[in-house]
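Below is one structure. I have some questions about it.
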Amino acid sequence: MAAAVGERDATGARRGRFAPYGLLSPGVIWLALFFLVPLASLFQMSLSAKESRFDFSPDFSWKWSNYSDAVSHFSAQFWRSFQYAGAATLLCVAIGYPLAYVIAFRGGRYRNLLLGLVVVPFFTSYLVRTLAWRTILGDDGPIVGLLQNTHVLPENGRLLATGISVVGGLTYNFLPFMVLPVYVALEKIDLTLVDAAKDLYSSGWRAFRKVVLPLSLPGVFAGGLLTFIPAAGDSSTRSSWVAPTTR
Amino acid sequence: MAAAVGERDATGARRGRFAPYGLLSPGVIWLALFFLVPLASLFQMSLSAKESRFDFSPDFSWKWSNYSDAVSHFSAQFWRSFQYAGAATLLCVAIGYPLAYVIAFRGGRYRNLLLGLVVVPFFTSYLVRTLAWRTILGDDGPIVGLLQNTHVLPENGRLLATGISVVGGLTYNFLPFMVLPVYVALEKIDLTLVDAAKDLYSSGWRAFRKVVLPLSLPGVFAGGLLTFIPAAGDSSTRSSWVAPTTR
Amino acid sequence: MVQSRDAPAGWGEGGETALNEATGHDVIVLEHVTKRFGDFFAVHDADFAIPHGEFFAMLGPSGCGKTTTLRMIAGFEVPTSGAIRLEGRDVSRVPPYRRNVNTVFQQYALFPHMNVFDNVAFGPRSRKVPEAEIKTRVGEMLEIVRLEGFAQRMPQQLSGGQQQRIALARALVNFPSALLLDEPLGALDLKLRQAMQIELKRIQREVGIAFVFVTHDQEEALTMSDRIAIMNEGWVEQIGRPEEIYHRPETVFVAGFIGQANLWQTTVDAASGDTADVTLGERRITAAISGRSVRRGDPVTFMVRPERVRVSLDEPGNGHQAVACRVVDLVFQGPVVRFALDAAGAEVVAHVGADEQLPLLRPGDAVWASWERDAALLLSGAAADAGDAPTAVGAET
Amino acid sequence: MVQSRDAPAGWGEGGETALNEATGHDVIVLEHVTKRFGDFFAVHDADFAIPHGEFFAMLGPSGCGKTTTLRMIAGFEVPTSGAIRLEGRDVSRVPPYRRNVNTVFQQYALFPHMNVFDNVAFGPRSRKVPEAEIKTRVGEMLEIVRLEGFAQRMPQQLSGGQQQRIALARALVNFPSALLLDEPLGALDLKLRQAMQIELKRIQREVGIAFVFVTHDQEEALTMSDRIAIMNEGWVEQIGRPEEIYHRPETVFVAGFIGQANLWQTTVDAASGDTADVTLGERRITAAISGRSVRRGDPVTFMVRPERVRVSLDEPGNGHQAVACRVVDLVFQGPVVRFALDAAGAEVVAHVGADEQLPLLRPGDAVWASWERDAALLLSGAAADAGDAPTAVGAET
């Protein structure tokens, strides 16, 4: 069997040698058409002088000052975006790691079901979800009323359109991007390693700290990237969550 | 080894017996909190009588007529959504299946790279992508100009905000949802089955029709669902692609 | 408390220790241990003891309960009933990290994010042994497994056999009362397996503690162990030295599982003490009874090992038991030629060595199959009891 | 054109067909076939022929090129140089679906979305055989493999052995000139493997065509084949009947790979025709030369099989070659006891059967190891040439 595998590998290598770059073409064409072209166009636009944002005339002029203008005009927004995204990423780790841990190690045969449940809300349209949340968290909705009545929120306090709601919304939206890579990292861990640690006089907690946690860190790192980068991009555009006062 | 596996399974079964439903809790809580609650709230809202869409007062009244009203007022929009989504799904199959096929069977060690290239555009923000496409396909952009000059489009023809652009946009946005499940289905196919078909006097094309295609249909079906359902939901909200005349 | 016991004794590297000699008796005792998973009995009433310093094998087919038994000794499973004693103390409900036994896992389970030194030092560090002492101990252990220069390597940089040795060192560095090995050679290829068999024996002799290992490979068990427990469907069928188990199996399952055996179902014609008479073909044959005693009319299985069966053209003289046969098939198998013979409907398999001079035989020829009187054995019960061990086909040697 | 030839002949179920008898000569001929993948030579200059109706094994360790050779015969690989002839026709560059050989794949490769009937009918349907004839043929084939009632089952509902038989039927239904089998028994467990060995031989006899099979299991090859080709690192080392290969290996690799062998490196003292003299211990011993001829001073390897070595306290009489040894270790292995002896630095392994009466020996005792003159053989080249076959350790029997 090993022989067969070895020999098939050799065949694979040969195929790879004959058509190494040609094979890349579908991906490259896709990337070029739908990623690089728009990016280049955007870059060109970013260096153009324009009267209005909706003026698409190609008035290209290597206008690098656009960038310094953007930074100086919007530095507060940039900074706030990073803060919001950082807070959301940390929250995602705090919620997502235990969730992924429970699914990976205690999920048994329900694992895939549980993973599905984590992802399924994201198959409903973004707009529908947002609308539903506005109903629940809105100034006249049940949650705000409850919190105001119990004096957790001041009389005229609100949940929607505050910094907290931005972070909450980002956390909510990007949690699966944290759960999935952490789950994948945890799921790859051989459980006999935990047995081995216990066999070598480690309690469950020590086995977690010394074996499971270090081995799952790459997943946490990947999840952090997948969460932070788009969250930073998204938080500035998430106007429906942001209050006029914090904008 | 087989013994160990068997006996570990028995252990797993035991664990499952002691904590069968409790294990579901993290997923159930997540689902309840972030999916069922909003859905229920939306359902309640759908049966409420309201003066305006932005009036969130809970004026619940089992107003089932809302649904018949919605169907009668918006049936054209529903129908058009389904048409657009159906066209986009077919296009996704036509583009996505060959793409997935090439990646799965000819990708060799570049497979994951190619899959990554298919997905990577979707890590840029939705807004940025749309903006970029508006630049490229806009009425004053280079493509329309070229097509008008070559008389492919009439003098006052446009690409943006037409039915074609809606379908194109949906196809573009949901292609990865077609490529990934088809790829997974194809990738699972044992290549020795193709060898076996060829050994049994089948040409490459017959081997594809009789073996590869039937075995990949579940992936196509899954991809179709993943594409059609959200596309139908999305196409009606995709106002930036739709022309005033078709709205 | 584990620490307080072994830290001063610490069996070191010099064979039997004062501790082992002083206590003298068994290190592991299983008292009527049963393990149930739901409705499935993984282990039925296992009841045996393993003395200090013994190389003990648990052998059986997949799902026979051998791994579950090992995991109960290690503490990963809790017995449903019965007790497990470790150096006299009942540890049945003690978690693995409070038992002074260590396990070498089948796939070694080396921590991939730690180098060899940190892997071996994991146990002592858990028990808060001072770093200076850890350094000495780890060095000694790497010496015992002959991988002195490998402390800074990562496990992935080692070959299978080297990983195996590191797993051994990681377990032995804790001075366990006994070492448990789960299919320790299963992941190695044939040549390496043979080399590691010798190496394991050497290390066991050097450290002098009991090694308890689980295997499904009967050749491995025969070659390495002082004693073997044969398990089948959760039951311990027989415990004994390799020679005892091979030459005097007590059940039909053991006879079929260890080596190959001709097994014929028959009934007892007359029984007298240790021997009984049965009829094979037209002949009445007397053979020793192994296992449960039998009475007249009981179903029994007559066993003779293929390598003890002689094939000849003439009927052999006295001292031999013989049946008339016809040659069905002969297959060259290297060291021996395998004869399939037909003795009035019963299949007889004979393994004939290359230096036994034989005339050229063909299928259909009439021959005699014979064996010395002490080569035959009667086992109570029918061959069908053996489950998946069909007549005359045992595991390969 | 494939169709026009076999449709009328169709070798049916009754052993040798008119076609096979008429053509008479070899069905598969490899003419100096070499296969290169990049810089890696998978097969070097393979040059042999397989006659009609032969059960032919290609045997060797992982990566020896045996599977590549089979895939070239099947048409999945194209030789880098040389030619492959199928019934006289050069098919080196003919795609697999135009060659009249069929393959049984290692994991069977049954089409999971088709039932057994459709699986078996796949080949004839590809060749546009009328449905009525297909129905008859598939029925006949399921009868040959003894799975008549299984036509409507799906492959997943079958056991490993049944899938194996369906894969056989699916290949044989096309009346191929030869059947290629890639590790046909590798995926089965031990008991089933032994049953399928017999079944495969029966089917091969029944259909009467050549079976070419690839295996890494020397016992399987010895038991089943008419002839064996031993391959190593892309080279065909020896081709011959099982007895020839076992008793007269031509290279050190073959001696070590097939069965176990004592291999001692030495040099030729004197050579004369078919025999040569070497010195073992203090004794000059004459042995037959196998393989390449040797001259005085050439490095050679002296070989004797462990089961041919006798152990005795006294020096044996004439007709035997003997060396004085010391017992190093003895291990009970079931049918035999394995003696590891030390003959002035060289290790001698002897397998002694249970009925050879021996005094109780312990490590350190002085004994004589002896063998009959015809048990010894001289192989040109040093044992180190054998690569991964260390002295006196071959594959297990």
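We just call them A, B, C and D in the order they show up, numbering each chain from 1.
Throughout what follows, a contact is a pair of C-beta atoms (placed from the backbone, for glycine too) under 8 Å apart; a residue touches a chain by one contact, two chains touch by 3 or more.
Keep in mind that what you see is a predicted model, and the values were worked out from it rather than measured.
Enquirer: Starting at chain A, figure out the least number of steps needed to reach chain C through touching chains.
Expert: 1
Enquirer: From the centre of chain D, which chain's CA centre is farthest?
Expert: A
Enquirer: Just curious, how far off is chain B from chain A if you go by their C-alpha centres, in Å?
Expert: The computed centroid separation for chain A versus chain B comes out at 19 Å.
Enquirer: How big is the gap, in whole Å, between where the Cα atoms of chain B centre and where those of chain C centre?
Expert: Distance between chain centres, rounded to whole Å: 57 Å.
Enquirer: Can you give the whole-Å distance between the Cα centres of chain C and chain D?
Expert: Going by mean C-alpha positions, chain C sits 30 Å from chain D.
Enquirer: Would you mind listing the residues of chain D that make contact with two or more other chains?
Expert: Within chain D, the residues that touch at least two other chains are 106.
Enquirer: At least two other chains touched by the same residue of chain A: list those residues.
Expert: none
Enquirer: What residues on chain C touch chain D, complex-wise?
Expert: 190-191, 194, 218-219, 222-223, 242-243, 246-247, 258-259, 305-308, 331-336, 338, 351, 353-355, 372, 375, 388, 390, 393, 395-397
Enquirer: Contact residues on chain B for chain D in the complex?
Expert: Spelled out, the residues of chain B in touch with chain D are 190, 192-193, 195-203, 206, 210-211, 214-215.
Enquirer: For chain B, which residues count as touching chain A in their complex?
Expert: Residue positions touching the partner: 12, 15-16, 19, 23-24, 26-28, 30-31, 34-35, 37-39, 41-42, 45, 56-58, 98-99, 102-103, 106-110, 113-115, 117-118, 120-121, 123-125, 127-129, 131-136, 138-142, 172, 226, 229-230, 233-234, 237.
Enquirer: Which chain D residues qualify as touching chain B in the complex?
Expert: For this pair, the touching residues of chain D are 2, 74-76, 95-98, 102-103, 105-107, 109-113, 122-123, 126-127, 170-171, 174.
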